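Next come two complexes built around chain A: one with chain B, the other with chain C.
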Partner chain A sequence: MLRLILRRVALSVPLLLVVTAVTFVLQSLIPGDPARSLLGPSATPEQYEALRQALHLDQPVLVQYRDYLLGVLHGDLGRSIFTGEDVAGTLAVRLPVSLSLIIGGTVLALLVGVALGVMSATRGRALARFVDVFSLVGGALPNFWVGLVLAAIFAVALGVLPATGYVPFEFSPALWAQSLVLPVIALSLSGIATIAKVVRDGVQGAMAQDFMRTLRAAGVPRRVLIWKHALRNSSVSLVTVVGVIFVASLSGTILVENVFVLPGIGSLAVTATARQDIPVIQGIALAFTIVTIVVNLLVDISYALLNPKVRVS
Partner chain B sequence: MTRRHLLGAAALVAAAGLALAGCTGTSSGGETPADRTLTVAVGTPPVSLDTLKAATGVPGTWFETPAYAAVLTRDADGQIQAGLAEKWGYVGDGNTEFEFTLRDGLTFADGTPLTATEVADSLTYFTATTTGPTRAYFAPMTFTAVDDLTVHITSAVPNPIIPDMLTVGLLGGAPISPAGIADESARAGDTFGAGQYVLDTAQTVSGDHYVYVPNENYYDQNAITYSQIEIKVIPNPQQQVQALKTGQVDAIVGDPSIGGTVTGGGFQEIHQPATVYNFYLMDRDGKVVPALANEKVRQALNFAVDRESIAQAALGDYGTATDQTAIDAGPASGYDAALESVYGYDPEKAKQLLAEAGFADGFTIPATYLGFSPTDTTIAQAVASQLAEVGVTLDLKSEPDFGSWVNDLVSGNYAATLLTGDGSQMYINAQFAFTPNAVMNQFGVSDPALNDAFQALATATPDQIGAAAQAVNTVIVDEALALPIAANQSIIIFNGDKVTPYYLGSTGELAPIETWPLK
Partner chain C sequence: MSSSPTPRRRPRSASLTANPVATVALVVVALVAIAVALAPVLSPYGSNEQDLAHIFEGPSAAHWLGTDSLGRDVLSRLLWGGQPTLLGVLAAVVAFVVAGVVLGVLAGTIGGWVDALVSAVADILMSLPGVVLILAILAIFNQDLAPAMIALGLLGSGSLVRVVRAAVLAVRSELFVSAAIVSGLRPGRIMARHILPTVVSPVIIQASLFAGAALAVQSGLGFLSLGVHPPEPTWGGMVGEAAANLAKAPWLLTVSGGIITLVSLGFALIGDGLRDADAARRRGGEVAAPRTVAAPAAPAAATAAAADAASPGATGAVLEVRDLVIAFGGRPPREVVRGVSFEVRAGEVLGLVGESGSGKTVTTLAALGLLPPGAAVTSGRIVLAGADVTGADDAAFRGIRGRRVGLISQEPMVALDPLFTVGSQLGDVLRHATDLDRRQRRARALELLAQVHLPEPAAVLRKYPHELSGGMAQRVAIALALAGDPELLVADEPTTALDVTVQAGILDLLRELQAARGLAVLFVTHDLAVVADICDRVVVMENGEIVESGSVDELFARPREAYTRELLASTPNLVSTT
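Right, the complex of A and B next:
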């Protein structure tokens, strides 16, 4: 197991280099000029050149990238061009918001998706059809649109949940949870649909296996057959899907955070991109990449735990 | 799991949700009388909290005025009143020497003494260093501390609005503490003023929400209305409306898309002409487009656009067609109702003038605009379409971000650009767009009639300013130095049961948020 983890961590280093390099190159191709954005047309040419030098924008992209990597190795992600704030500090403030949303959305998708999937696999055709339709609709509806509809109903019409904003957990756990209810539901909808379909197919397939018939003949209760044996048999594909949903939520959170005005990484990404705040964009890309690597590592470890063949190989 | 289990789990989730909602249910408009907080929403975060880089106008100054007190203030009628200074005035004639005397015993929010030395140092630093939109207006001035409380200003050119420049609206008149001057990077994310409030950095998340709490060192504690001011960044106007309706914010900056949509339940709306959408005809010497050097051609462009239809299409009920760069905001704006009839929509007259100028076959004007703004895009394309009817091609370049637009502007390749201009002060309006060193006069065109009229305005006494400003405006309109389209209104939508935003009587400027009366 340790070898597996070490191998995966070692493989993530070149991935980080590739992602940061690609981000650097791509952002350098975007038209625009952050120094001009910051200074406006009133600045003198001398002020403009001085700022470009201060921000190292006068350097070739490769030199900027090298300096950036050296900074990262020393734990320095740079400072925002516009706010002057330390990027690492900014990410530290905003990452818990995004992770609250993503983890909440993934857990909700897992709970509801598994329940729906199992029910549809074991409770007859009508529920199976419902899951089919729900998978189609849930996968097709954009999460930001779902968010707007939820806000219109539960915040504006019913007035029971906030339309916007985020309350830190340490300020009030109840308000924190309240501020996340609608965003989490909006983010989880497509995940619920996907998991429900995967679980239904997996459970149905497992239930048709010979060993299940044997267990049934041996008098094992149906509840144990479904929740212990059939579900475990489909757990590898379920873990894969959950990992994919988690990673997809990283991009999904960008729109959901903007709909509900949550101060997470997603809304920061929109602002930073619009302003070409290069250090912040780089920091976000790095954070997203690290989260993705960690999630993939956890998925690999889960494979090994669930399937002894993986451990042996 | 049985159906009963599942139903039980569902009931548990529903109960938890309701319990959460019940814990601290959001109000839908009403607040308790003891609530002395003010929460407002804006669409975009500030470029910087640094007054040297911040935007002027609404809502740019909302992030600054709570924390930065100015040398002078305005009363509800817009008249200049005491601020940090209790006495002020020009010295002699000619509008080049000015002096003000500070209150005794002032301090910055951090407790540092605020004397004439600190104020003169701050003004000098601002003038030398700012890259903001007010740089040009402060540039000719020098500041000297005469004694502990007196600051003397010398302006290399006559300036009739020095008192206005020392209010918080143009940012430079609000002193920065020595600690702030010493740490440029810190000013981007913190405040260093002597205002009623200070930024609470612990509660603030940059780019999302900004929280201001009372400044214990403010000289007039009785003037502090709110226990906390919070400015939330909510990008989408519809989300702002939702936040207002659910009581999460008390006021929002509206736009034509949501104007008039929030009614009843104590919600109110106020609006006032604030800016003008102008195509600035920068190349009036004809370096890129020779035709633009001809006054008849510029007049023809003004006759060729149907301002009424463009204003209605782009701004709805909140737009007013105008052929002036000035808005009706008091004598200093130079607005003249009589000038509104100079250029009616008359394509035939436009064609005739083009023919008389020798451009009957038309010509092309390369122009740039802020393509990320839907309103700017609508106006730019509508103007291009109408100019095409008289044979003039407006070759538009849509820029996706502000920095690219600035690059276009300074490149010297574009003869015209669309931008909103503040038409409330002709002295500023002219220096923004028409005098030889104006920002929007990138080709450095010098117009003798304009220069003479501007010089008269610069040296005018207070009772002469109205007529002098109108004289400048007349030159701008008669010589068609710009192609104004429509006046745009500032819109504030608010919970009238909580706060009362208001516009200043004589200037039409929105009162700073910290001065809005609490119900």
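Right, the complex of A and C next:
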């Protein structure tokens, strides 16, 4: 178990180096630089040189990279080329929005997916068929499109939920929840489909095990066999897929936040990309990588916790 | 090894045609791709040809899919917009396949530090948040789509690297490749002739599934107006345009989202279909066994029979089986038990003897309502502890299983849930098979473990099944079966999987418990020595029918049937044990 964690942590160092290095390496490979595209063709050479100095682009790439890494170690992710705002500070302000969305989407996917999966494993073929189709279609529907359809129905046609905007939790928990309902559903759809299928297969597999016969014959009711023993025996694959879904939600939130105009990290990422605001997008990539590393670490630790053979030794 | 170098090629196409859904998906995706490629020929209008007199029109003869906010023909924009979209997907898939195959084959064939390095790279690739990096690359390359989609392919290739590596390792260990290496074929030739063909199938499957993901990302970028600039159409961009006019023309959202979903669904179905076909071939190429489930036990017959019996269990038997017929589903249904009748009286030990396949286990499972899916009682009657349980469901068995009858099965090591402690499982059973409260249940659990002669019962309660030996696990299983103090114990080959020395201990325990509790036991076995040792009466089954029955002494002294004589003869040490 300790070895497992150490391997993950050891792998995360090159991972973070790769993620941070990619942008520096690529920038040095291609002609032109952010200063040129920021200023446009009408800028004077003096303006250009001044901006290059301000952005430290006049330094060798390795020096730039070293300075960036040193900054990162002190929590300094640089400043936005465009607004001059501190990247770390901006991320900290926007993180709660994205996390609300991602955690909400993962929890919803877990609840609905498990319920759907268990029912389709135990309630006959029609529902199993439905889950098959649902997981295919749910996986194929683009989440931004689902978000738009939801907005068209519940915000535009029925007017029961807001189509866009975000209300901070501190301001009003009720409005906060309302503003998240549609985005969370849009984000969770493919996760629901995936989890339903994994749980269905897991529960079916577990129910076919010999020990289920032992417990059934000894009078343990089916409901306990399903919700306790079958689910527990599917827990490893369930945890794996929840981790995958959480990480996928990091990507999904980029689109969903744009559909619902939520001021999270995802919409910041799009703005930064459109403006070529490299420090911002780099900060986001770093933040998402760290979240991914932490999630994968938690998944690995829970493997060990879920397996009695590992836990004892 | 007689297998030809490329034994896997032909069955793939054959199995794809055997999967109509995947075939249809392939045709649909191909048609869309061809139409998009022929956009300059096929599209009735230019991609940006405006007609402000005809905006937001529905489908018509002039505009098959209607027009958008600027009166542009939607069909034409779909066809033109498919080009950057599908080209982006293609670039990503090509990068995915090249990186995955090259790295996977390198890792699989060279091994050593190369393998370790490639595996680490694959691990890293798989733990990167892909889409954000794509955005970063888009930003650096000033919104150029090609490098972004190639990067997407590279970032996604971690999973393919693993699949290819595993496939290469598998084929390397096969005999014909070793033979080729020994016979001095050049590595390049071995690669081309033997290794590459075997990775083709997993690569196509993975590529097809990845194409769906790439399409999602590509259309997402289009939706965000990244990579391709409006007014140039992309499928995702058209969703964005539709979103801006959601209230005026919801139709536009259907068309643009529909084409993305259709193609993405197509990729998924092709991948799934190929994977199923591949899995079927691995199982030996046979078509999946028919899974038709026989109609659950004819309830009409059962209730009629129940009505006939004035009072079930009037014979004083704990278990009474009459004219039992059990069939497995399929066309035609296969009868595995035909007209079996016997009863187990209170306090007696009845041996149910026969070779494997004689139907003895299925018969006992039917008595407990535990037939596997696909098998069903088609006629006859089972009365257990005074209740007619013929074809009964779980609800009807409530109060019977655990409290009136217990089961011990053959393999103690798989009879317990590996993820729960002995105490937890015993607690579960006691909660439902007794009316004891929490504290009493713990005392009873300790008492039960002591009764099956497990040393240190308190320590055993805390143990997981993998910490028990086979003999200990079987003793725990016996404790589970007896937890609800049943009057009948069904023991299905309870000693077969155990060492000989352990067998004797378990038999002693069963004999002791039987005597102490006055248990009735249905003892299923193929071992006549065990029968002679423990049973009062014997029923002999062959091919789903009872061929002979009687008291143990009688049967052993004067076996009437040839089959029984054969069984007796095949147990040479019987005389000494009797």
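Rule of thumb we're sticking to: the second predicted complex is superposed on the first by the 279 of 313 C-alpha atoms of A that agree within 3 Å, B and C clash if a C-alpha of one lies under 4 Å from a C-alpha of the other, contacts with A are read in each partner's own complex, and residues count from 1 in each chain.
One rule holds in what follows: a contact is a pair of C-beta atoms (placed from the backbone, for glycine too) under 8 Å apart; a residue touches a chain by one contact, two chains touch by 3 or more.
Here the structure is a predicted model, which is why all the values come from computation and not from measurement.
A.B. asks: Using the touch definition from the top, say if A:Ala35 reaches chain B (first), chain C (second), both or neither.
C.D. replies: first
A.B. asks: Look at A:Val160 in the shared chain and tell me whether it touches chain B only, chain C only, both, or neither; answer first, second, both or neither.
C.D. replies: first
A.B. asks: For A:Ala151 in the superposed arrangement: first (chain B), second (chain C), both or neither?
C.D. replies: The answer is both, since A:Ala151 touches chain B and chain C.
A.B. asks: For A:Val93, select first, second, both or neither according to whether it touches chain B, chain C, the two together, or no partner.
C.D. replies: first
A.B. asks: Go through the superposed model and pick first if A:Trp227 touches only chain B, second if only chain C, both, or neither.
C.D. replies: first
A.B. asks: Scan A:Ile103 for contacts with chain B and chain C and give back first, second, both or neither.
C.D. replies: A:Ile103 sits against neither chain B nor chain C.
A.B. asks: Which holds for A:Glu85: it touches chain B only (first), chain C only (second), both, or neither?
C.D. replies: Touch status of A:Glu85: first partner only.
A.B. asks: Regarding the shared-chain residue A:Ile5, is it in contact with chain B (first), chain C (second), both, or neither?
C.D. replies: In the superposition, A:Ile5 contacts neither chain B nor chain C.
A.B. asks: Per the contact definition in the header, classify A:Ala218: touching chain B only (first), chain C only (second), both, or neither.
C.D. replies: second
A.B. asks: After overlaying the two complexes on chain A, where does the chain B footprint on chain A coincide with the chain C footprint?
C.D. replies: 32, 37, 148, 151-152, 156, 258-259, 270, 274, 276
A.B. asks: In the complex formed with chain B, which residues of chain A make contact?
C.D. replies: Going through chain A, the ones touching chain B are 31-43, 47, 51, 79-80, 82-85, 90, 93-94, 115, 118-119, 123, 148, 151-152, 155-156, 159-165, 172, 174-175, 177-178, 181, 223, 226-227, 258-259, 261, 263, 267-268, 270-271, 274-276.
A.B. asks: For the complex, give me every residue of chain B touching chain A.
C.D. replies: 1-3, 6, 9, 17-18, 20-21, 23-28, 45, 47-49, 53, 131-136, 185-189, 205-209, 232-236, 238-239, 242-243, 245-246, 248, 400-404, 406-407, 409-410, 439-440
A.B. asks: Which part of chain C faces chain A closely enough to touch in the complex?
C.D. replies: 120, 123-124, 127-133, 135-143, 212, 216-217, 219-220, 223-226, 236, 239, 242-243, 246-247, 250, 253, 256-257, 260-261, 264-265, 268-269, 272, 368, 370, 394, 398, 400-403, 405-407, 409, 411, 414-420, 425, 428-429, 432-433, 464, 466-467, 477, 480-481, 483-484, 490
A.B. asks: Can you tell me which positions in chain A touch chain C when the two form their complex?
C.D. replies: 11, 14-15, 18-19, 22-23, 26-27, 30, 32, 37, 136-137, 139-142, 144-145, 148-149, 151-152, 156, 209-211, 213-222, 224, 228-229, 232-233, 235, 247, 250-251, 254-255, 258-259, 269-270, 272-274, 276-278, 281-282, 284-285, 288-289, 291-293, 296, 306, 308-309, 312
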